[in-house]
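You will see two complexes here that share subunit A, one where it goes with subunit B and one where it goes with subunit C.
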Partner chain A sequence: MDLEAILGTALRSAVGPQAAVYALLAIGLNVHYGYTGLLNFGQVGFMLVGAYGLGISVATWGLSLWAGIVVGLIAGVLLALLLGAPTLRLRADYFAITTIAVAEVLRLVFRSSPATPITGGPFGLQSIANEFYALNPLTRGIRLGPFTYSVNVSWSLIVTWALVLLATILVTLLVRSPWGRVLRSIREDEDAARALGKNVFSYKMQSLVLGGVLGSVGGIMFAIAGSTVNADAFRPQITFFAYAILILGGAATRIGPIVGAIIFWFLFSGVQGLVRDAQGADLLPGVLSGANAVGASALILMGTALVLLVVFRPQGIFGDLRELKLDA
Partner chain B sequence: MSARARASALSVTFLVGLLLALAAPAFAETAAPVLLAQEDDADADEDADADADAAEGEAAADPSVLFGTFRNADGPVEGVQLSIADSSGQAVGEATSGPNGQWEFEVPEPGDYAVTVEALPEGVELRDPEASTVEVTVGEGRRAVPIPLGEGAAVSGKVALFFQQILSGIRFGLIIAMTAVGLSLIFGTTGLINFAHGEIVIIGAVATWFANAAGLHLVFAAVLGVIAAALSGGILDRGVFRPLTRRGVGLFQLLVVTIGLSLVMRFIILIVFGGRAQPYSQYAVQQRISLGPFQTTPRDLVVIAIATVVLIAVATAIQRSRFGKAMRAVADNRDLAESSGIDVERVVSVVWIAGGALAGLGGILYATLFRVTYDFGFQPMLLLMFAGIILGGLGTAYGAMVGSLVVGLVTELSVVYFPNELKTAWALGVLVIVLLVRPQGLLGRRERIG
Partner chain C sequence: MPETTPHAMDTLDKRPGVAKPDPILVIDGVQRRFGGLKAVDVDHLEIQRGVITALIGPNGAGKTTFFNLLTGFDTPDEGRWIFEGDELGGVPSHKVARKGMVRTFQLTKALSRLTVMDNMLLGATGQRGERFLPALFRPGWSKQEEANRVRAEELLGRFKLLDKKDDYAGELSGGQRKLLEMARALMVQPSLVMLDEPMAGVNPALVQSLLEHVTALRNEGMSVIFVEHDMDVVMGISDWVVVLAEGQVIAEGRPADIMSDRAVIDAYLGRSHDEPETDTSTPAPDGPDRTEE
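And now, the complex of A and B:
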């Protein structure tokens, strides 16, 4: 057991581009769940359309990176409108079911073989971020303590965390505004907001679009970080990870999603490293020795953490319990 | 007779009926060999692979090998010629099946490959002539490539296929209905949408598989599987949701709890059961029989019969028994039911247990037709259950049945005109349309749901 190496890997992914992508997803989810009380279980769908918007524009249509990013963002807006129109007038549970279903259907459609000419089907699309890396002004990778990121990873890391910061500032300003107070009043008591003459449906839709577009930004940066898109990366678990991150850090807080993402990725890759090393050292019982056990045990831990957090500390690390008297 | 005795008599009758139905004579295995009626769910293996990917870079450095076996009704098929291409379409090599029908090919590195059937011996056909290319992802080690041969030509032409799919649709719809009734009733009595319901379905199928693999005949293994699923429903109620509700945990939070539980359950099952698709040792392979325009197997007919009998029994119990009345009363208005002396918690318990048993049985029937995997509970089962119960009217039992049947038919009939991979997508398309046009569902009452 090489604890130092495990710790190093865990730290590395805690500040890596992937953690930043999840922070973006969680910030979007914070707008939905934390501030508006929308139970969006399909955040990964927004991530998917953002990533594929960029990927298809660049790899299939041969457009530039910038055009691809715009297409990805527009795709996020469109998905929010399509999802919201039939469901936002209905009770919260209908919305939850529809979002989870639509996100999974998007994955199935994008990975299907009839879609292969456009989406690359099960093989996905490659080399979609060359232009992004051509813009890289860095000459060598960032060194953080014992570990170094490659030049390209450093570049996507800096840009993604910068976007996280921007998104946090944007959301903070917006929820402090009168607009944000209406959102919170909808979360607390939808009927009261309606009685005061607010168009609840419209506000919910705006919130869905804003959070969804932030999710799409996450998807775009995810696609750029790997320079590929593949539908199987967009599994429903990702939404639940984003929930775990949000609830861990504290819903309806400014820095909750960021801190949550860092802690989540530290634990997630730390646990995987521990299990893998323990397997190598024959420390585990037979059932945990399979190749599946590494990923699965981390997922089990995250599921357990999500349950325990929601039950015993729904406000997370930074949250305020008074902010979160959500109830359907 | 006291209410308690009546309820237990009811559940005993239910279980005995189940046993009898399962042991129905038509289920007797046909001796005639091999026509591969086992339907390959192409997704199953890929999903397991992708989840294993989450743990990057396993240590083993085995060479990557694609392999498979060609068989048809006459035994192994020699001389099937294949070509293998990588993900960019570049040919990497060829393979030919040997005297025992087996072939294998070592690919240069892990990755995505397409295996294409180039030539078949005289008199041999692919089961699905359009599926001559199979795309696979291979990691390090061996990866089976299923390419079924058989009398695919038996179903030719859109009309014949249409009839065929009607039967498949009814079969699939009934299975979804069995699993969805519990989900809908749990919602009706507690207001909770149980995202872990798909995992109860899997527990039924997987527990049955273990009992079956230990040598128990499928019929008896299935009884154990149903009991395991019923128990897990009961444990979720008594161990998780009842205490949490007493603590005053809100419904929003409970929804997130069910999501977390579904992750935990699914990946514990992955560790215990493994990522591979496994068939039961009985009824996996049967000879087709013709019934007018329908081609079917005795197994399919028995599945349809069991599902129909069970659903009618459930409907009768809900409609006629005292307990069913209490259940409807709780679903209708919990507070009113409680104040008129109904033991609401006990009703909820029974709904969880019976719903779990039904879900488990549905999972077993599904796995008998297809195969057992650790993850069919979410996609397609849970998604189609959602489509079914919303289509029929959230919270009603009959709505769940009718809606699921429609969903099953839509799913299977879409295959006549559209690609197989997208069949789940059509069912969910129906869901969105229903929400737009008639959000209370086909049988739901007009009430304020917004």
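And now, the complex of A and C:
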């Protein structure tokens, strides 16, 4: 077993573009769940419309990168409005069910054969980020300890983490304002907020749009990082990974989503590396030795780790236990 | 405890739906049905400005449903009501509150994971910082926030919660939460305060202090409606009592009159407690002044 190599790979994903994309998704979810109490189980749907908004604009319609980004963001806003209008007046559980269904329906529609002329169907769309990489001012890749990112990866990495930082600042400013206070009051008890003259529906919608658009930004950067969009990348578990990140870091905290994303990807990638190596060295029992076992075992271990986290540190890394223990 | 001092409302007729000299709220034909059950069926009711009106009635009389209807938390099947000259039927709850009609809840709704101060600040109306884009620029709203904070501290001082202002509301005792909820409602600067069972679940030692706060609201010129089913509490502080039973207003009047009202006793103890429905010959135990229903 080459522990050093495994550690290297784990570190590499911990700060890689993927982790930054997930941080964006989790920041959006933090607005929904952490501050407003909206159980959005379809964050991946916002990611999908952002990615496809860019992909379709560039690859199908031949528009520029910037037009594609704008389309991706508008798609996020529209999805939030469409999703929220009928469900935000209903009880929280209806909203939760609708979000997970809508995200999955979107994925199936975008990958369906009839949609091929626009979305590329099951094959997705390629070469959608050439313009982005043409803007790359870097001449060589970033070197981080034992490994070096390629020039292009370095560029998307810098931009994505910069967006994570911007999103964090934006959300921090907002949640510390009276606007954020209204969101938190809705999380605690929306009838009380109503009785004090707050238009709860409007605030929930604003929260849904803000967090959703952040998810779409994540989707756009995800599409750029891979230079492709493919519907099968937007499976429901992405939302749950984002939740895991949020809970790991601490919901309703400012840097929870960032640190959560880094630790999550460090562990996830590290565990996968360990399992793969252990398999190679024939250290694992038969059931865990198949080709698919790496991903599955990593998920099992991550699941166990999450259970332990919730049992022993339910507030996450940055959460306040005192706050958590109050009856909501 | 019958009142002895004369009161401006002494001269009013003691019948349901009587006109008040200066009503702040006028209710007409409000009905709310749940299936075949008429939970609320109020023909006409006027609430006098600047006094404490108690809404009493046995369990299930429709008091809370009536409250929910008036404050926009529930929608009536029929009816209209006018508050300060504005028709409020069908108006959503947050707009009702902004008009100056603010309610509290039977089960206290302290916002647990907000500090006591944040609970108070939330009540202030017309905050620039509560709009999405202005929220981003602190200088645009910090002055207003500071003014609200000063007002909140005054109110917290009055309700003896000032030293708790940085605690989470969820850390307060039940009685303190009731006080906070009342103080928070005052941050809205209401003209009519609607208290849903403000004494429910409160330690008897605190009841007196809560009652004093309610009286203080009236003395500052606010109108108060409160729901209660403890008769003793009602008799002590209210200027006018409205009795609801099976959704209808069966009596209204000065507290002393209500105490001896036959219809009220029937409603509280059950119609058949001492007489069959059709038999009118049995003398009533508590005075003969039965009000028509």
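Criterion: the second predicted complex is superposed on the first by the 311 of 328 C-alpha atoms of A that agree within 3 Å, B and C clash if a C-alpha of one lies under 4 Å from a C-alpha of the other, contacts with A are read in each partner's own complex, and residues count from 1 in each chain.
Going forward, a contact is a pair of C-beta atoms (placed from the backbone, for glycine too) under 8 Å apart; a residue touches a chain by one contact, two chains touch by 3 or more.
The model shown is predicted, which means the values in this text are computed figures rather than measured ones.
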{"item": "Three-chain arrangement built on subunit A, subunit B and subunit C clash or fit", "value": "fit"}
{"item": "Superposition-derived angle with apex at the Cα centre of subunit A and sides reaching subunit B and subunit C, degrees in steps of 10", "value": "90"}
{"item": "First, second, both or neither for A:R235, with subunit B first and subunit C second", "value": "first"}
{"item": "Which of subunit B and subunit C A:R313 touches, first, second, both or neither", "value": "neither"}
{"item": "Which of subunit B and subunit C A:P178 touches, first, second, both or neither", "value": "second"}
{"item": "Touching partner for A:R254 - first (subunit B), second (subunit C), both, neither", "value": "neither"}
{"item": "Which superposed partner A:I97 touches (first subunit B, second subunit C, both, neither)", "value": "first"}
{"item": "First, second, both or neither for A:E188, with subunit B first and subunit C second", "value": "second"}
{"item": "Three-chain overlay, closest Cα atoms of subunit B and subunit C, distance in Å", "value": "9"}
{"item": "Overlap of subunit C and subunit B interfaces on subunit A (superposed complexes)", "value": "326-328"}
{"item": "In the complex, subunit C residues that touch subunit A", "value": "71, 73, 92-95, 97-98, 102-105, 109-114, 118, 121-123, 125, 127, 129-132, 135-136, 138, 141, 145, 168, 170-171, 184-185, 187-188"}
{"item": "Of all residues in subunit B, those that touch subunit A in their complex", "value": "46, 48, 50-55, 58-60, 87, 112, 135, 137, 187, 191, 193, 195, 244, 247, 249-253, 255-257, 259-264, 267-268, 270-272, 274-275, 378-379, 383, 386-387, 390, 394, 419, 421-422, 424-425, 428-429, 431-432, 435-436, 439, 449-450"}
{"item": "Residues of subunit A defined as touching subunit C within the complex", "value": "170, 173-174, 177-182, 184-185, 187-189, 191-200, 206, 322-323, 326-328"}
{"item": "Residues of subunit A touching subunit B in the complex", "value": "37, 39, 41, 85-87, 89-94, 96-98, 100-102, 104-105, 108-109, 111-114, 121-123, 232, 235-237, 240, 243-244, 247, 272, 276, 280, 287-288, 290-300, 302-307, 310-311, 314, 326-328"}
